[in-house]
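Take a look at these structures.
Each of the two complexes below includes subunit A, the first together with subunit B, the second together with subunit C.
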Partner chain A sequence: MKALSEFKKALIISLWFMLLTFPIMVIRVNTIEKVVEWRWRNMAFIGIGSFLLSFVWRYLLGRKEKGRKLAEAGSVEARPFSRRLLDEPRIYRPALAAVTLFAVAFPFLFSSYQTNIMTTALMYVMLGLGLNIVVGLAGLLDLGYVAFYAVGAYSYALLNHHFGLGFWAILPVGALLGVLFGILLGFPVLRLRGDYLAIVTLGFGEIIRLILENWNEFSFGPSGIANIPRPGLFGIQMSLNEATIYLYFLMIALCLFTIFVVNRLQDSRIGRAWIALREDEVACQAMGIDKTKTKLTAFALGATWAGMVGVIFAAKTTFINPASFTFLESAMILSIVVLGGMGSIIGVILGAFILILTPEYLRAFSNYRMLLFGTTMVLMMVFRPQGIVTNVRRIYKFRARGRDGEPSQA
Partner chain B sequence: MDSVLEVNGTTMDFGGLRALHAVDLQVRQGEIVALIGPNGAGKTTFFNCVTGIYDPTEGDIFISPPGGKRRRINGIKINRAAELGMARTFQNVRLFPNMTVLENVMIGRHCRAKAGVLGAIFRGWDTRREEQEIVDHSYEILVKIGLADQVDELAKNLPYGAQRRLEIARAMATEPFLLLLDEPAAGMNPRETEALEELIVQIRDEEKISILMIEHDMKIVMSISDRIFVLDYGEKIAEGTPAEIRENPVVIKAYLGEDVNA
Partner chain C sequence: MDYFLELLLGGLTRGSIYALIALGYTMVYGIIELINFAHGEIYMIGAFTALIVASVLTMNGMTGISVLILASVVAVLYSAAYGFTVEKIAYKPLRQAPRLSPLISAIGMSIFLQNYVLLAQTSDYLPFPNLIPVLPFMEPYSQLMGSTELVIVLTTTVVTVILTLFIKFTKIGKAMRATAQDRSMAMLTGVNVNRVISNTFIIGSALAAIGGVLIASHVGRINFYIGFIAGIKAFTAAVLGGIGSIPGAVLGGLVLGWTESFATGYVSSDYEDVFAFCLLVLILIFRPAGLLGRSTAQKV
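And now, the complex of A and B:
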């Protein structure tokens, strides 16, 4: 009975697809011979293909539903597999050692082209971790994150151009300008929630880009700024290859710094307030948390990292123009957070590596890049909306732990 | 008598709808006061006015925290109301579902702690001590409330009755002088309701917290309230001790009916 209805549904879906794709897949007007070709074979392919796919789709959906019911009944180990792996010292210690070794050896084993790609991936790790504060923890859907990235990049390019300030002097300035812009842009929009916030931040992101594009006297317009110096190291002259390696290690250090700070933030009074705000805004306020202040902190701290990475980006490419800061960039960073797992540091790191490295190493599919990207995201949203790595709440230690039911001695 | 909460002539309009009409109500230190009335009478709206979610159209709301000074609180921010010592629960439970039971209570400690961004990053000695205080205090509250063996469970996985208790625990973590409970017994079975009754009395007696509660369960209302206020269509139609309310013909007519002697 059930199989029959499944069959019927799949049949309807395939008929629907055959009809939908009929004009583009079947009919072709041959303009040279002035005849219409009917490619009925394509229709058959579409029909069979969508029929089979819909079976697979419904099967997976059914499995997911079953899994959820089991989890609700409590018969499934509550901690996800990935988390159990991470909690097991015999597994994560050697894994950590291997990753460290690989990371250190990487630029000496591979070409500077590969090192460059890795540096880019690390930059996205930092961006992802920054946006994760805003989206993953505080639950504020920010689609204009790239604006702060642009602020950082232009602050280095312009301050260097006009005042000759160096990378290390500007790195903290970029971070501070990120905070400043985070607060400036955050203040008017934080009354809004959900979709409205997303749309307005999207607008802000575009406004910043359009200003950079059109205010020629200030930002040199679409032609951008060239000859931005790479990061220095006590004035030592470096070859291009050495500079690449230096930047790579710089990025590793900054990533570690970011992980350290974000980890501490999310495991603090402020971090808990962010999560509570994401979970229930009214209840959160009723518990004495200042909504505006908490949201603004999240916005500003998220922007800090974008500002810093912006400075690094300018130093890495030595040339910037507004075209590097389009909405697509914001969408990419957001995808990293969503794909990896909102609120999970490991998840965001994985997400960044997957989304940045896969296209680089699958050049053969570069024509289908956006198609694959879109499909992956849709599949993720349907089958694993929580992302690759689920965030697990911390277990706290307290004096009375173990002696349950008994108040601890104050 | 020293009232901790004093509401005078409070009116709340939503467009053309008058949800509250010139309502007076006082809660004295150490009292358990019940607010009853049929659905849609304006009880929750009254709570929302007191806790800063709505700014009443007319009237004055004063609080006098024990040891503090009397002040008017019309239209203060919601979080400010909590800081000043008024904590509440919600009619439809509003926990933080993806946080653990302990973390839910820890959020209640937020307004009694100070650590900021720099404290969080550097995690100095005083931040660590404060964090530990938050954890320990929260756990102690959970012990009192009777949720000590579920501290690490996600709030959304708790049974309904336990969720309601957790909301009370979270509210208590803010160290209120007045606890506002919106239908705390709703959806509880008789055994849970009995335990809740004990808990409310215990909170009043041991923590010296005054209580204002909205409740439909007449058994609990009649047995633990010191005074009862009755709302109907946004107007206060009666107030008095449980014995007085039980005899009050207006109340019987408007609302209680045969329920009283059941």
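And now, the complex of A and C:
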């Protein structure tokens, strides 16, 4: 009987979706030639698809519910599987060695096209780690992160155009400008709660983009800036291929630097203040943590990386215009953080590789790229809000059944 | 003076539409404290549905006011259905989750719906037929305000009045207010909170669809991306007036409409959206509760 009612539910759901998607999916009007195209096949796909998916959906929801009950009863292993895997030295040491070897050999094994894609993925790793500070650690939803990225890119392009400054001189300048804009954005939004913050940061991102687009005398408008030089290396002349490989290794080095810094930050005093702020703002203030300073450092330190990656982006593509810095870019970086697991470094790295490389290598899906991002964000929030790799916070708890009552680290 | 009057009326039209969309934001926020990022997309889907229905009808030889009515009714029904479904998929499983989760889920839903329409329909701008007939008595004033604009302002007024009465006097409206005040207490007194939330989404989405049909007739073209900017601006309007408050949403819409209208008219038209965002930032800094909102202290 249960199976029958489940079947009936799925049937109703599939009928509902067929009805719901009917005008958008089935009918397409050509208003110029005045013809209507009926695409009945799509309706069949939707029907079958939603019928099957409704089973999966309810199965997963049920499993999640069961998992929650188990966790409440306290009978579930505190450390998730992925974390146990990463903590096991016999597994992570060879894995680390293999990844290092692969990373070093990559540009020599594959074409410069592949290397380019990899460099892009590494750029997103850095962006993701930067946003992770703001969103994952401090819990401030920043939807205008791309603004800092744009600031970095334009600072290189403009300073180079007007003053002829080189890549290495501007890389720290880009980072500093990122910090400056981070604080600039941070000040007005200090008092805002989560959702207001999201919309103001979104507005901030759009303001920066619109200014870049419209202020022609300053930013050359929508046509952008071309002929930005690639990064140099002690004045050595490099071919295009060599420059690509050089940029790749530069990116690897910068990523390692970012990982190192973010990792250290996480366990520092300020990092723990961020996490406390994320968990409970009122309690955090009651513990004597300066809210203003903590929030501002989160914005500033998050924006640093975006400013740096912006400089690299300008140097890599040698051409920038405001169209590269839309809200979708912010959404993409955010979905990297969400998919990977908010607050988890390994998770963000994995998230960046999955979201950037999958559409590149599965060309058939490249049209569906944004559709998949959106779906990922919803599904991750519904079924696995902690991301692929769960970030395990240091917890100390007393073992209730300990023989001598000694506190043990769990 | 004529120029001033033109800007004033232009701002009124613009503000009315923002108000219609802002009502949906404000109602949803009042009840579940969530910025429904997908609301702008619901409005876009309303406009698309109206366009599709109207085109199919006119190609089959129908004309006149019946096309407008049929297209609007279908658009409203479909938008309401979309709003209902979005809530069931993306927000209902997250009732107990931390605040950030439904917000991210809402952003995901918004991106999904945009790209769903992009892939299923087209990325180009589609011309939207002006379904609203030209009213003969408006002819002498057409320099200042066309019939479309008049219809927009009147519709907004009527809808707002109906909504206010609905929330004040009907049983559903009372249940909505109770849920907004205190969800668990409402549950204890026998209010079906899940149904109330669904109702809120349905009503808000229906209003967004009306806004969608009107603005598409006004502007004359639509594409999959119109919901994004309109959504942010309507949210600005809702915050401006004090989120959660229905007269506030209307007031906020009008203030925003006039700000944009005068700023583009007297300062520069390139920075239209910048003015809206700056207004939002300023309001949030100096009066976070909005013009008509009450500031509530956070309880611990």
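Everything that follows uses one rule, which is that the second predicted complex is superposed on the first by the 347 of 410 C-alpha atoms of A that agree within 3 Å, B and C clash if a C-alpha of one lies under 4 Å from a C-alpha of the other, contacts with A are read in each partner's own complex, and residues count from 1 in each chain.
Going forward, a residue touches a chain if its C-beta (ideal position, glycine included) is under 8 Å from a C-beta of that chain, and two chains touch if they have at least 3 such contacts.
Remember, it's a predicted structure, so these values are computed and weren't measured experimentally.
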Partner chain in contact with A:Ala273 - subunit B first, subunit C second, else both or neither: first
Which of subunit B and subunit C A:Arg28 touches, first, second, both or neither: second
Greater subunit A contact set [subunit C / subunit B]: C
Which of subunit B and subunit C A:Leu265 touches, first, second, both or neither: first
Contacts of A:Ile289 with subunit B and subunit C, given as first, second, both or neither: first
First, second, both or neither for A:Thr297, with subunit B first and subunit C second: first
Subunit B versus subunit C as contact partner of A:Leu11, first or second or both or neither: neither
Touching partner for A:Pro188 - first (subunit B), second (subunit C), both, neither: second
Touching both subunit C and subunit B, counted on subunit A across the two superposed complexes: 282
In the complex, subunit A residues that touch subunit C: 16-17, 19-21, 23-25, 27-29, 31, 34-36, 42, 61, 135, 139, 141, 143, 188-189, 191-192, 194-196, 198-200, 202-204, 206-207, 210-211, 214, 282, 327-328, 331, 334-335, 338, 342, 367-368, 370-371, 373-378, 381-382, 385
Residues on subunit C engaged by subunit A in the complex (per definition of touch): 33-35, 45, 48-49, 51-53, 55-56, 59, 74, 78, 81-82, 85, 89-90, 93-94, 97-105, 107-122, 126-127, 228, 232, 235-236, 239, 270-271, 273-274, 277-278, 280-281, 284-285, 288, 298, 300
Footprint of subunit B on subunit A - complex, ascending: 261, 264-265, 268-273, 275-276, 279-280, 282-291, 297, 301, 393-400, 404-408, 410
In the complex with subunit A, residue positions of subunit B that touch it: 51, 53, 77-79, 81-83, 87-88, 90, 94-100, 102-103, 106-108, 110-113, 115-117, 119-121, 123, 127, 130-132, 134-136, 139-140, 143-144, 148-149, 151-152, 154, 170-171, 173-174
